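Two complexes, one shared chain (chain A), two partners (chain B, chain C).
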Partner chain A sequence: MQKGYTLYWLLPALIVLIVYPILTNNVMLRETIFLILLSITLSISLNIIMGYTGYVSFGHIVYYGIGAYASFYLIYAYKLSLIFSILIGGVFASLVAFILGQAVLSLRGAIFAIATIGINEAIKSLINNIPFLGGAMGLYFDFSIYDKYGGAIKAIWLSYYLMGILTIVCVISAYYIKKSKFGLGLFSIREDQDASSVLGIKTKSYKSMAYAISAFFPAIAGGIFAFKSGNIEPSGAFNLVKSIEMIVMVMLGGYGSVAGSALGALIYEKIKGILLVLPYIKDLHLAVSGLILLIIVQFAPGGIVGFLTKYFKNLRKVLE
Partner chain B sequence: MLVWVNAIINGVLIGLAYAIAALGLNLIWGVMKVINLSHGAFIALGMFAAYLSVKLLGLSVYTALVPIFVGGLAVGVVAFFVSLYRVLNEKELTTLLSTYALSLIIIGLGTFFFTTNPRAIDTHLGSFTLGYSSISYARIIVGLISLLLAVALYLFLFKTSLGKAIRAVSQNPTASKLYGINTTLVLSISFGIGVAFAAVSGALIASLFPFTILSGSVYELKSFVICVLGGLGSPAGAILGGLILGLLENILTLKIPVDYMPFIEFTILVIILLIKPSGLWGRR
Partner chain C sequence: MILKGTNLKLSFGGLVAVNNVSFEIEEKTIFGIIGPNGAGKTTLFNIISGVYKPQTGTLNFKDKNITNMPIYKRARLGIARTHQIVKPLGELTVIENVMVGACFGKKNYNLKQAQSVALDVINFVGLSSKIFTLANQLNVAFKKRLELARALANEPEILLLDEVLAGLNPKEVDNMLEIILKIKQNGITIIIIEHLMHAIMKISDLIMVLDSGEKIAQGTPQEISNNQKVIEAYLGDPKLALQLVGEK
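Coming up: the complex of A and B.
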């Protein structure tokens, strides 16, 4: 398939973003960019199932939570190494998504959305009641766990590097999925599932694969985040609001577009950052994101990328 | 034994209040095939409307229900034009996001004005004793009002011309337009009624349990479970689903810790969606 130019600017831009705090050794900036990278990973992954395939996973944060819990527990209980644990967490969440997907992906539209909310809430309250996972209180690291990585400060830098690598891998994979025959199949499912099934696309396995892939990256991100913060609890790991924020980011950037999801995440985090700093308004950031979403849905359903490519047709190859 | 009787009575009474919340959601789905994700926000608004009218205006919760219903209707009609009118013919994704955006705005403003501190309304009604356990009068009143509202909705939908228009639009919007029904008006009013039911159920629930601005989402999710149990779009199913959920909550918690309840509810939700999406009562 024809290759575009998106990665040629998106990857360098990301690398500059990632490397900047490392060179300047700026800890504040590192924290901000860590959150931005997390959001970019989450929105690009959600985009695979929501933007490419047309299935709005409202409770997608569940895979972030599952991955976070799985890898956190491996480190906590078995003292396994970080990288190994987050990979296991990612594979585990993908597997859960694949199995659940066999069932829930046969639902369509709004019913699918509700079922995913149901899955998130069910797993959250299940973990609330599992004693060895800490129940509602969650689990805490002993500080000595960080010794293996040269102390807490180095461990936090390590999680930052890992997050950067994850984001880049996620962007590249999402882009190549979009450009592959598999991605084309996903897009045709989005447009008309029955017609693409008639044309010989194995819709069921395509959807399940897309769902499993879109669960993989958030799960690893969850593992990194939990390792970095040193504690984990159900209400933070399975936070439905975060799930919704992912949807807002994808819609803001333009759904179906890799560059769009990344831009959407960046802009959303920026707006949120500004709002959270302002006095009086900081409690209003939910209302503001609601307003943004409402305006996009009503007036610019294609998001920023959709809006730009509508007027500047040359940008299409650059903003895929 | 009396414990069980008590649980059943309480379950039926609270189940009726849940059913009212679910009826609002169900009506909107039935008429315009929109899942109203701002339902929980309107439930929370109803709770706070009840709280404010008790605290500031000195009304009783039950008299406040009338202005809350009317206000809910008006707010609902406005909300319809703000969030849904433009996107009604788009894909389900769009209407879901649109109503969710509305919910974010309401909850965001609500958090700003009311904070997330818990509140409660004291009805001072006391309770009567049945064996070793007691049933509060507040619950009985809530159950009765809910029953009354359900009957009223039934009469409205089946006996008045506007109600018949709503049912006509839900069956076939194009044909009803051809017969001279103002579909925009009908849709906006049915959205208004759905919101009014959400607000009233919020007020009723607020008279029983403490709440915060975020409590709405709990009851919204319960409404989903109820609607799915009874079949989306079926009003009678909503009552049945409400009763089942109320009974489940009160009877199962006698035997298992209350913390497991959400897990059971949502597992039921997902399983029913998978094996019988039309609900327990619906036809395939």
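Coming up: the complex of A and C.
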């Protein structure tokens, strides 16, 4: 699989997006872009298991939640440093995904999707009932925690920088995975799992690896988000609606494509931004995301990228 | 001897698909398997490639017992196969399909090596004009070649061909036979299932005949075509048939 030119435009574009609010010191814009970066990270990560490997992980937000809880608790209870905590959170969620993957990844199709919803709901209920994690009420930071980072304002900027770095690392990793031998194996599994094992691919461990990697970045993102908010509670961390939104972003942009997942996230966040502020209807963006999903599945199963590359073959190299 | 099966048996519920079949295959020969529909030919292939595990019996590759070896490890030993119902990796291009075979085959190539191996193999089977075509856009004849190319990219020691000639027109059949003979010249052992009698008689060194899961005969093409049991399995009892139509 020859390398294309996707990263040559995608990375500069991301960097401009990330740096702009820093240079203009625009706090409102920073918040908007923080959410966009979060969505890009989530959708590109989901794409690794859903787009590359063909497993629609419906409850993928569970790893965001696990990472958020793990790192939040480390900071809350042991006063560990932020970066160390979010990394531990990421590794922990990957480990959980790897272990759960041994069981659920032998399921296929819709049954797998349903099982992942089950995992999300089960872990949410579990945390609801663990007293030291705050149960349904969740946990709150004492404000003094931010002192270490030079106060709350600086801590929020720090979260923003970290989210930017995470997004860039995530994009680069996802791209290089796609272009590696490992990635070729994953795409082969997506197309025909039985043929793949006959061709010599160790399908079970490849799938588990892909699942673990796709859990890693959302978990770190969850850790950053929880740190920035200063509180965490199960219904926010394991919000199935967010999970569905991730799927819409991947499908909208084009499953299997790194650039597609990023574009899908960006466009979806924009649409959501417009719809959320409409005064007369609440939660209209959910109805719209359902509609988008229907239209894509029916008319452009390859999403925006699939649609574009179908008509402009030259774009293939820049939209991988 | 490169592959040896001893008393292989596999049943699905009450149906015995393969019943006590034993065989020995010499290196660098073409071993044909024939038999009526439902005789257990493809099931036997699935046992050899590891898709099914036999309930009894053993399978040896060279001196190694591979009866319970997982599928992907067999590919890495150098056992490659094609499927009767083609299994192209539809959304990948032809070259990517073949690279999968090379990357995860016997030599465990990296991407760059795999690419050059894939190009050679694609050239060899005559798919050069379709390198960047998506696999699901190929017609049947090309899909069969793709199956073959993918298996060859493994650089296998044993190649299992499951009805690669089915659905091809006479000219395509001749092309494919030529390719198969060339593969044999390159020192690869071939096991082939085929319904086209003239084709398999022409290329096989040894033929095994299965009927209802049992091995009923084995021999050179000459011996097989004169074997009473084989004729019965295919056409029924000729004497009985003559009686029925009133001639003695």
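Quick note on the criterion: the second predicted complex is superposed on the first by the 316 of 320 C-alpha atoms of A that agree within 3 Å, B and C clash if a C-alpha of one lies under 4 Å from a C-alpha of the other, contacts with A are read in each partner's own complex, and residues count from 1 in each chain.
Please note the rule applied: contacts are C-beta pairs under 8 Å (C-beta built on N, C-alpha and C of every residue); 3 or more make two chains touch, one makes a residue touch a chain.
The model shown is predicted, which means the values in this text are computed figures rather than measured ones.
Judged by the touch definition given at the top, the superposed model places A:I15 against neither chain B nor chain C. By the document's definition of touching, neither partner reaches A:I153: not chain B, not chain C. Shared-chain residue A:M137: touches no atom of chain B or chain C.
In the superposition on chain A, A:V297 contacts chain B only, with no contact to chain C. Touch criterion not met for A:I274: it reaches neither chain B nor chain C. Look at A:V27: by the touch rule set out above, it reaches neither chain B nor chain C. Using the contact criterion defined above for the overlaid structures, shared-chain residue A:S197 touches chain C, although it does not reach chain B. The wider contact with chain A, measured as residues touched, comes from B rather than the other of chain B and chain C. In the superposition on chain A, contact is made by A:F187 with chain C only, not with chain B.
Contact residues on chain A toward chain C in their complex (touch as defined above): 1, 180-181, 184-185, 187-188, 190-192, 194-203, 256. For chain C in complex with chain A, the residues that touch the partner chain are 49-51, 70-72, 75-76, 80-81, 83, 87-92, 96, 99-101, 103-105, 110-111, 114, 150, 154.
Taken together, the chain A residues at the contact with chain B in this complex read 54, 56, 58, 103-104, 106-107, 109-111, 113-115, 117-119, 121-122, 124-126, 128-129, 136, 240, 244, 247, 251, 283-294, 297-298, 301.
Within the complex formed with chain A, the chain B residues making contact are 34-35, 82-83, 86-87, 90-98, 100-109, 111-112, 217, 221, 224-225, 228, 232, 257, 259-263, 266-267, 269-270, 273-274, 277.
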